[in-house]
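The structures considered in this document are given below.
Paired with chain B in one complex and with chain C in the other, chain A is shared by the two complexes that follow.
Moving on to the complex of A and B:
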């Protein structure tokens, strides 16, 4: 008969080899992305009391939005709350390392920035942090992608990516969608 | 009404040597076809995965 035990074994070994090659290709691709392209899952374990965000040094209302730190690092701080982002629009420069720090005072939210790999969850009690470099300029939509309640579908913000020469921090290092010019 | 006739089972080779040879030929061909279909399916999946990886994921830039 054609399907002898030997033939079945040979067929299974052949498939095992094909699967091993496929897994190897995928593993190399993932390692290439992680090591050469610096594409990694955002993993920041940093606790913050969700009940006193408005009293914290970092996430008070006046400290939200984009700010260039004294060391030159561009950091955007955003609070995700039912059902809006504060601020609703923030400016970041293209072709430069930027950091987005987010937290929530109420329930679990999540963000993605369209057309980029920026994608993270926002948990009350934790600070989510994403490092990235934007290459395309323009207004990018940043919707909440974790169902957070009845107003979830209305919860979105704008990331305004501007060319480096149009990124003008004020004397306090701040940049907002209103005064970026 | 006459009862329809059924073969006694898949291993009923009583009908003759010619049918046994046909069965062997079919058993020889069928796995080959299944392997070709599987290779096409797995190949398309890999092309799709690599296409998304190189044309969508990598151009979207670094993140971490």
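Moving on to the complex of A and C:
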């Protein structure tokens, strides 16, 4: 190998150019996924007072779980609290745009749904929101994935994904794991 | 290089006891944390572990994380920094007394934090999670450790300044330049966590405040959370550039590239912390994207390092008679611990770094956030690149401190191989399980669930990897203890750092100090973190009620 000062410099510069290409390709792939495929993180700057969730219109007990909103959008509303989810089972249809909205009255929690890319942190003070389409049907696990206290390990919910033809909202637009028609 | 007056050749190193005190504390804490780690994996496996309760598990996880992340690293870096300052500048430390003062401050802080955790009043993990709060003494203990490290930073900066005043125009030796780069970066890095602890968490822990802005606290912690990893990594890179080429029997391919890599670490490891918050609601996608872009750039100094160190290895291999395209690899002296450790570290860095590129890939982060994949990633980087090089550094510097040589290098090589094998056996299943959706930070899994049941065998494989790692950690201590007791007397009291193929006679002042880079960091931090922090004051979100554990 040539070891003159120019040769060393030249080889380093050549490598730097290769690195620039590698990093450039990675960035282009991410940019493409973000813009063309809408693969973005679940940002959602939406406040909610954790001390008065039960008085809010949206996260009162009777409004939790899955509901087909008047505009036709399927929305599941879930509260994550030490150390359970309310409700701890909810139904969503496969192959259809669905939205999951979550918040916490106490400490930081987080969720993922196994076998999918559904993943978000849940913070007191904020409403987290995930849009997704499920393709697999069946009972998927939705554990709390952020340390929230000594009972953290028991904190788990079920997402029941049903084929679109088995998704039957009631007259009020609601569907629950107990009565899905 | 110009001949410099050599201070005392035969006498013992002035910092010998200081270095050893720091690094033995680091090693003791490290060994304990390794054993706790094995128990944690046992607890999460389908096998029945003793003492298995949620309270014990989170106590153990907190102790493991705090020990590895804050104590092992800080004490090792401080000890190694003092060693580099004396041996590379060849002059006494500015103040040995101050250095000892900072050591004892760190010990007091460590004991306060450790007692808080052991007593069960601080099971908040090393990332804190307000509005959960521990006993205030836990945080105050950690603040004392950080203050101790700040004193170290000032000693390092002052040592370099004094040397530069005595040697005008001469390039600062690369090992010291890098050590001061780390000190400068660490001062920036700790601003975030210090602000979180002093203004938010400690007042809440004492009961002075009843609510806390969790978005702000997470953002401040993210300021620290990425650069701290580079703080830990710096000694490994110092070993790559200034110890490995000499151990391999060659020269450093390019001194300038080394300086450039260290400077790039200062710039790009700081304005990138939001990539830990990709899955959080409180930051806009615009700032997440900006910091993702800057995160991609922090891979550049590592790519440059891989090239320069591989080229240095080739120089060594060819000087030792290696021929052909790959013949130089076999010609390297793999029997030497520093050479072996560097090779293994590069292999693990390849996997850990590749996983990291996926983590930082913006929307793709949703696939693996808070799964075992992330645990695997940072154990590969921390254990595979940081710790294995700390071990190799100990093997390299211990003879000059104890004035004894290792009687045999065989147990040293065995230890490094065990560490490597254990780390791969532990982390490859974790990566796989993470992709299956196995989540982090739970005390136990319910193996009666069919999906979780199918993970069982892989969890047991990773436990075996953990046991191998613990054996390696114990063998590491045994090797150093044997050197103290039965080493061969007569080792020289100093160390020679690697020379560059073309030793620099003059370097631009920008690559001989940090003034310019501090300005660039300030601008980048303002750009990347200005609004993400200001938003909590411009439009304050509802606060969370404090939940006291301790």
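FYI, the second predicted complex is superposed on the first by the 180 of 181 C-alpha atoms of A that agree within 3 Å, B and C clash if a C-alpha of one lies under 4 Å from a C-alpha of the other, contacts with A are read in each partner's own complex, and residues count from 1 in each chain.
As a working rule, contacts are C-beta pairs under 8 Å (C-beta built on N, C-alpha and C of every residue); 3 or more make two chains touch, one makes a residue touch a chain.
Since the model is a prediction, treat every value here as computed from it, not as a measurement.
Contact with chain B, but none with chain C, is seen for A:131 once the two complexes are overlaid on the shared chain. Residue contacts after overlaying the shared chain place A:174 against neither chain B nor chain C.
Using the contact criterion defined above for the overlaid structures, shared-chain residue A:22 touches chain B and also reaches chain C. In the superposition on chain A, contact of A:42 is made with both chain B and chain C.
Once chain A of one complex is fitted onto chain A of the other, the partner contacts of A:119 extend to both chain B and chain C. Within the superposed three-chain model, A:141 lies in touch with chain C and out of touch with chain B [touch as defined at top].
Residues 1, 3, 11, 15, 22, 26, 29, 33, 39-42, 115, 117-119 of chain A lie at the contact with chain B in one complex and at the contact with chain C in the other.
Put simply, chain A touches chain B in their complex at residues 1-3, 7, 11, 15, 18, 22, 25-26, 29, 33, 37-42, 115-119, 130-135. Residue ranges of chain A in contact with chain C, taken from their complex: 1, 3, 5, 8-9, 11-12, 15-16, 19, 22-23, 26-27, 29-30, 33-34, 39-51, 82, 106-108, 110, 112-115, 117-121, 123-129, 141, 143-153, 156. Interface residues of chain B, counted against chain A in their complex, comprise 24, 27-28, 31, 35, 38, 42, 46, 49-50, 53, 57-58, 60-64.
If you check the complex, the residues on chain C that touch chain A are 54-55, 57-58, 123-125, 129, 131-132, 213-215, 218, 253-254, 257, 277-285, 288-289, 292-293, 296-297, 299-300, 303-304, 307-308, 311, 314-315, 318, 357, 361-367, 369-371, 436-437, 439-446, 449, 451-452, 501-502, 541-545, 547, 549.
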